[in-house]
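Each of the next two complexes has subunit A plus one more chain, namely subunit B in the first and subunit C in the second.
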Partner chain A sequence: MHKNIKLETFLHAFFLVLCACSIIPLLLVISVSLTSESGIVSKGYTLLPSELSTNAYEYIFKNGNSVARAYGVTIINTITGAGISTLLTALFAYGLSKKDFRWRKIFTFYVFFTMLFNGGTVAWYIVCTKWLNLSNTIWAMILPYLMNAWNIIILRTFFSTTIPDGIIESAKLDGAGEFRIFFQLVLPISLPGIATIALFQTLAYWNDWWLPLLFITEPKLYNLQFILQNMMNNIQKMSENSNYALSTGAMDVPSESARMALCIIATGPILFVYPFFQKYFIQGLTVGAIKG
Partner chain B sequence: MKKEAQKKPIGYKKLSLGLKNDMPILIMMLPGAVLILLFSYLPMFGIIIPFKDINMRDGILGSPWCGLQNFEFLFRTEDAWLITRNTIGYNVIFIIIGTFLNVSIAIMMSLFSSKRASKIYQTIIIMPYFLSYVIVSYLVFAFLSMDNGFLNKTILPMLGIEPINWYTVPEQWPWILCVVNFWKWTGYSSVVYLAAIAGIDVQLYEAAEIDGANKWKQIIHITLPSLKLLIVIQTILSIGKILNSDFGLFYQVPMNSGALYSTTSTINTYVYNKMISGGAKTLGMSSAAAFYQSVVGFVLVLLANMIVNKVDPDSALF
Partner chain C sequence: MKRVLALFLAIAFAVIAGGCGNSGEQGAMLTEDPNEVPSDTYEINWYLMGTPQEDISSVEMAINDYLKDKINATVKIHAMDAAQYEQKMNTMIQAGEYFDIAFAARWMLDYFGNSEAGAYFPMGDYFDKYMPESSKQMDPDQLESIRVSDGKVYGLPVHKEYAGQIGWIYRKDIADKYGINMADYKTVESLKPVLETIKANEPDMQYPIDWDNDSAPRILVEQESNIFRNGMYSNLEVVNYMDTPEFKKACEVARDFYESGLVKKDVLTTHDTIQRMKEGKCFCMLSPLKPGKVEELFKNTNYEFAQQEITAARVDYMPGAASMQVISATSKNPARCMRFLELLNTDPVLMNLVIYGIEGKHYNKIDENTVQIKQGTTYDFSANAWAVGNNFIVYLTDKDDPQKHEKLKELNDNAERLVSNLFMFDDKGDNEMIQIQTELDVINSRYMAQATTGALDPGPILEQWKEEWKAAGGEKYIEEMSKQYEEFLKKYPEKVQETIEREKELYNIESKDDSLTE
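Take a look at the complex of A and B:
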């Protein structure tokens, strides 16, 4: 028993340090967002605000038209994207999980092959811009992520391990059609699996900057992550080349604390809710790898 | 119960009658199948792009053929070697150190007698997984900023070291990128091993304890051997993806700074940067690099899967 107390003490010490390492970068940014400009100028970025000030947040709420707009774009993308994606993924995965569906093998291969081989970024870009005309539309930030092979496999595995064949059989004998079976029987039973996919997709859409980076040049369609990325880009270019600011009019970059405040505003919702949902993310990681 | 068993054979026959019965399912799958066709299969035909003198105006089919010219452009430059070295080099470090970190953290977490403590710790160290790379680049910037960064303003002065202009010194970036990568992923990736440890038979540990084996001996003789297969499989699968890199890590975190390309440029960032730079020649080189990544990557994944199939068929991808 004596030995175990020693071990526990060591473990707690170890994990406390690890936890500190995980959150210190975030604390630093929160602290900067709450520091006044003069405090930053004299002491730099510090772990505790050298001069406390909420100016940065006030500034954003007063002058934040483009920020509010970007917030709206992000929310629209996330809700439509995650919603449609979860529905279509579930419908597709349900087919793959049905043992009496005769096209099952073909469609399983159809999904698997996309995990093995792809045409490369250039081809994908040309298809999206030239053939599908997605540039500068809201769909450019929604459509490409809708179907994801990995999500399909996770949900298929979930369906085939949690839904008893008997239930579907007997519903069928009672004359229920496939759609009724799916929406009234399968979905309610599989809510934990559905939630996993919905949450993975919510995170993917909320955090996305890759699709706007490729397809969006129209400022009114910028999402939160992309606004943040552009801001940082402008600052980098200005520090590399002092003429850049003059030539592009990128002078009105917000103050340092305002930038960090925006960063916190953009990621805040995720930080507040993830602890309640993390078990689904963990489940997705551990369920997906079962061969079917 | 008996009634159902009698009805079953009739039901099965009806089900397998043909297309008519599969129709509802096919309709359900149609939207998903179309999206996969558009966004995964159509681009596959783009595999011919590097053999063409591609330009955005004429598109894939309209541009003239040009043989292996794009590959010559690519492999004649130092870039081809550099991006391959960086991509594989970082992946090798990530696989080796990453596996060590993931396994040891999972094992330590499993040692807590109180499940509540380990849950709380896990919630905190998993946090970075939920941040986008744009946010991560801000967090890194807060440390590395030349004028105000935490390192230059607080840490380095304490050690008596001159400030460093981090975003212009490529030598510093291998360790920075490694730290950021492990910071972001370790909490989440260790979960796979934690789940595997939770699945080990408790009786094994009880028996060992009766035999007088201490915790350390239990780890060496029970936990690690039980994880061996999983470790081997995860490693092989990672090797299959060794030509891929985490675009966000190598693009957002160094802020795509040109001065750092020698140590931060990977195949993925190279393909992107050449693609958007707009010239016909760079677009050709970009597509050649993408082709090289896709085709070699395809072979590697197949090989990796073949090996996994030999070691443990249940863990293979297909």
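Take a look at the complex of A and C:
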């Protein structure tokens, strides 16, 4: 008993420190975003705002509707992208997990192969721009991430380990077709696995700035992360290249608090999505398919 | 499996063949008569570096109307911020994707590498036919500096200042208050007592001077290249610049200022020098200067700023390669693109449409050459005019110095020309040399900020730097470069003689001369 208390205190302390390590920087960013510029100048970064002000947020939302619009683009991308991609991944993975599927090996290899080798950025870029004509369309930010080999393999393993053949056979005996089995039987009992993939994809779409960088030149279609990324990179570029800095004067670098506010705006919603998915993570570990 | 492979190969060949297919087309187009308005309309896809402007479509329409009777072309402008521009354009070039005109430079879209690889159109061959005026605006050295190893010119430099000086940017009101004349301070260390006074008396300016890697005291003793001793005396020999006593001294000065608390504590990692100046937290900073720089930098600010040059004006290294427009090898009508560039660089109406937008809608004209940009305008590309075209026909704003263009021209004309300006190291495809160069770049960029900003003790850093530099083959690199440089100098005997004369006069370094003339 005595030993246990010691161990527990240690564990608690350890995790408390770990929590602090991840929470404090976030709090700091929130606090800086709410501090007035003069407060930052005189007191530096503090955990509690030294001079409370919402100027930074006002500046961002007033400064053109570009941020609001980018927000919309990101949300559309994330919802459609993550939705379609989860569905496709699940359908594909389910097929691969069925032992009686004839082309199973070939299709598995086909997926697996892309994890080891790929055509490189340029070939992929040519396909997207020349043949699919994705430049400056919203699909340019959705299509390329739809299928992810890694997710397919995870979900395939999940299906083949958690769904007993017995349950599918029994459904077949009752006269259910393949789609009915998939949507009404397999999907509900594999929610934890699917939720995991959905979360991965949500994060991937939400955090993406790479696709707009390559395919979007129309400011109307910029997404949030890209604007953020662009802003940071411009600051970087200016400091890297004196030639550039020499000639560019009028470029306005956002103030420190505005940058932090952008960070908060960009990460905020995803913070709220996470706990919702977490429910399924824990369930996924504890609930089996056939009970008793 | 074999079949799949065959398919892949077939696709690959198709792509390659497609990429090469348009050279014949271009040849046919180059017969266009430069004095005639062509009957067919051609759309020019123009990629520009700069923040995209909201009202681009109405400006494009105005440009198209204007071009119709002149060269019968329409323009589609794709503007992108620097980071995206670099990534996107590099991918496009690698993929052989079609575009017409783009911005390129020595430091952006690898002008020399891509030209050699055939990504751009050799417009230099057609200067006389399609771009007579705009190419004659250039200084011969500018065009010479962008001649690629195959002897052709692939770009048109942006006509603007190509020389610079280094000096102070400072708060004029504070200088007046304490009776400081910045022209008296030719070195960073001489400014120390002044800064100490300001620190003691101005509560807002706890760190009265500011710098980052690009504005640290070392920039006073060095300019473009880290290999030539441009900033100091002889630029007729190649040395490891980081190993010179002058460089070491500059690092020590930075360290001294840092330890005395005259520069901010996080100087190693932050790059917001100009921002801090704008907010009134600093008294001064070192900066490369040109006439009107302060007006450009501090357009919207509550304080009064001024600039003071402290070094001689000098033509830039590679004076033409800092900012150019290039035509893509994938362009379907390079002749029309060249005619467009010619017009852009000679016709103030077109140029100012691109830069300021439409008169009355985006700006108001005050007099013939001065404009006032409207509050909350939806189109203003002036911050990036330096990357577009002839800056001397761009209108001035009401905040600019009315004499700005004359002063810039004067700067160009009076700046001294270093003989090393046109020299470029050629790795000759030697893999070992390429590797050494890459490694040295990595090492130099790792240590540069650490040694020069003063945040760390420069003594041990410089030692370590030198050791790694040697281990990576630095000496071999210098040796090869010296060899090439000697060859290069033989082409310009008068310039070498000139340099020696000037240095004799300037520095009285008799002993140095003997070794140079040998």
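One rule holds for everything that comes next: the second predicted complex is superposed on the first by the 207 of 292 C-alpha atoms of A that agree within 3 Å, B and C clash if a C-alpha of one lies under 4 Å from a C-alpha of the other, contacts with A are read in each partner's own complex, and residues count from 1 in each chain.
Following the convention adopted for this analysis, contacts are C-beta pairs under 8 Å (C-beta built on N, C-alpha and C of every residue); 3 or more make two chains touch, one makes a residue touch a chain.
For clarity, every value in this text was computed on a predicted model and none was experimentally measured.
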Touched partner set for A:E37, first subunit B, second subunit C, both or neither: second
Partner chain(s) touched by A:I106 [first = subunit B, second = subunit C, both, neither]: neither
Which superposed partner A:P144 touches (first subunit B, second subunit C, both, neither): first
First, second, both or neither for A:T267, with subunit B first and subunit C second: first
Touched partner set for A:F179, first subunit B, second subunit C, both or neither: first
Which of subunit B and subunit C A:T217 touches, first, second, both or neither: second
Touched partner set for A:I126, first subunit B, second subunit C, both or neither: both
Subunit B or subunit C, by number of subunit A residues touched: B
Contact residues of subunit A, present in both the subunit B and the subunit C interface: 121-123, 125-126, 130, 226, 229, 233, 236, 239, 256
Residue numbers on subunit C that touch subunit A, as the complex places them: 15, 51-52, 54, 78-84, 87-88, 91-92, 94-97, 105, 107, 160, 164, 204, 212-214, 271-272, 274-275, 279, 281, 287-288, 290, 293, 296-300, 322-323, 382-384, 386-387
Parts of subunit A lying in touch with subunit B, wherever the complex brings them together: 3-4, 7-8, 11-12, 14-15, 18-19, 21-23, 25-26, 28-29, 32, 40, 43-47, 88-89, 91-92, 94-95, 98, 100-103, 107, 110-112, 114-128, 130-132, 143-144, 146-147, 149, 152, 166, 169-170, 172-173, 177-179, 182, 203, 206-210, 225-226, 228-229, 232-233, 236, 239-240, 256, 259-260, 263, 266-267, 270-271, 274-275, 278, 281-282, 285-286, 289-291
Subunit A - residues contacting subunit C, complex: 37, 41, 64, 121-123, 125-126, 129-130, 213-214, 217, 219, 226, 229-230, 233-239, 241-253, 255-256
For the subunit B and subunit A complex, residues of the former touching the latter: 4, 7-8, 11-12, 15-16, 22, 24-26, 28-29, 31-33, 35-36, 38-47, 49, 54, 56, 59-60, 105, 108-109, 111-113, 117, 121-135, 137-143, 145-150, 152-154, 167, 183, 187-188, 191-192, 195, 214-215, 247-248, 252, 255-257, 268, 271-272, 275, 283, 286-287, 290-291, 293-294, 298, 301-302, 313-318
